[in-house]
Amino acid sequence: MIIGVVIGNVWATKKEDKLQGLKLMVVQRIDPADGARHESLVAADRVGAGIGEQVLVVTGSTARKALSLDDDIPMDAAIVGILDEIELTKGL
Amino acid sequence: MIIGVVIGNVWATKKEDKLQGLKLMVVQRIDPADGARHESLVAADRVGAGIGEQVLVVTGSTARKALSLDDDIPMDAAIVGILDEIELTKGL
Amino acid sequence: MIIGVVIGNVWATKKEDKLQGLKLMVVQRIDPADGARHESLVAADRVGAGIGEQVLVVTGSTARKALSLDDDIPMDAAIVGILDEIELTKGL
Amino acid sequence: MIIGVVIGNVWATKKEDKLQGLKLMVVQRIDPADGARHESLVAADRVGAGIGEQVLVVTGSTARKALSLDDDIPMDAAIVGILDEIELTKGL
Amino acid sequence: MIIGVVIGNVWATKKEDKLQGLKLMVVQRIDPADGARHESLVAADRVGAGIGEQVLVVTGSTARKALSLDDDIPMDAAIVGILDEIELTKGL
């Protein structure tokens, strides 16, 4: 999974029926090793994440597994956790 | 999912039978954090997207899920929404 | 899917049994937005593509779906169409 | 699979139920050819890896296979081995 | 699939049970278009590849399909062929 910061929301009226009801958020990837910001993507929130929070995001088929037991929601990124703390050892 | 802008159409007469009838569009990825343009790909349109519109695109096995209940269309990118609005918080 | 140009052929005598009979071609990715050339990969041809032709390529589990109803051929890239025409709108 | 070094731990109280009990570690990818450090990701540890150890990491649907026979844990990266030795031949 | 050169071996005593018996090799990706070397990864050898040989590698869920009929080995890269010859047409 990747770590990112939630930087915004996305709205789309015209969309796949099975995407109805998902909260779509823009997440910018952060590399924990150096704090650098990278690409942004749109992920469906599963855990009540708010703007500015650091989150854990899964992608690909794993996001579908997170979003539905039936694996039938056409969404390929999901926020599955809110980061409390990250502890890094320097110099490794 | 990624955000992109629809910049064109693609035609292929000679192709897999199961791709018949799909509307194939060229989508250029946009990073919402800074608006930068990135790589382009070909995606099947599911929502009536037009040239110049910003869209939501899923890739990989998730695109197959979007395109067919039977998961049997050999296509790995699908436009699943048309972007109405994106709201970003700066400085996060 | 990506767009690429077929630039060569690949032969491998010693290989997985289930790859026997596949025509393996080298495809170099082209970004349709600017025509730039990118990385090359090896894809199994499904549509009779020839050297120098521009083609549509699917990757990952979708390539397996294209190559076999039983989803059991260990191949992760497939040429599924030959490009007739690409129509781009500039300045979007 | 990729090779990486474990550089830290991650804690998230608020998360998907099915992620409970996983040990989440930050792994920075190392390219074995030249030892260069690359992007970092969060992986679930399966083998008792410690900080500073070099590990083998699988990603995508394969991580789910590693973590559960039922393939139902929404996690897309897993540490599946601890590197004892890597033997490289130079000049190839 | 990608083309790479086998540059080394990897040993891990402590690992997932289902990885026991796999021969793990370090493969450095080569772009056939220009011969440039790129990132390296660890792949399970299926075809008796040796150090210095150029090989065909599949990744992701396709590697699992190559390694086991039951799709239950947690490995995401497999060497599935040894390159005999690659024929490229210049100037395309």
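Observations
Here the chain labels run A, B, C, D and E in written order, and each chain numbers its own residues starting at 1.
Keep this in mind: a contact is a pair of C-beta atoms (placed from the backbone, for glycine too) under 8 Å apart; a residue touches a chain by one contact, two chains touch by 3 or more.
Keep in mind that this is a model prediction, so the values were computed, not measured.
Counting steps between touching chains, the shortest path from chain C to chain D takes 2.
Note on connectivity: the fewest chain-to-chain touch steps from chain A to chain E number 2. Distance from the chain C centre to the chain E centre is 19 Å, each centre being the mean of its Cα atoms. Computed centre separation for the pair chain A/chain C is 31 angstrom, with centres defined by C-alpha atoms. For chain E, the set of residues that touch two or more other chains comprises 60-61, 63.
Beginning the circuit at chain A and passing next to chain D, one meets the chains round the ring in the sequence A, D, E, C, B. Chain B makes touch with chain A in their complex at residues 1-3, 31-33, 38, 46-48, 56, 58-63, 65-66, 78, 80-89, 92. Residue ranges of chain D in contact with chain A, taken from their complex: 5-16, 19, 24, 26, 28, 37, 39-43, 51-52, 60-61, 63-64, 71-77.
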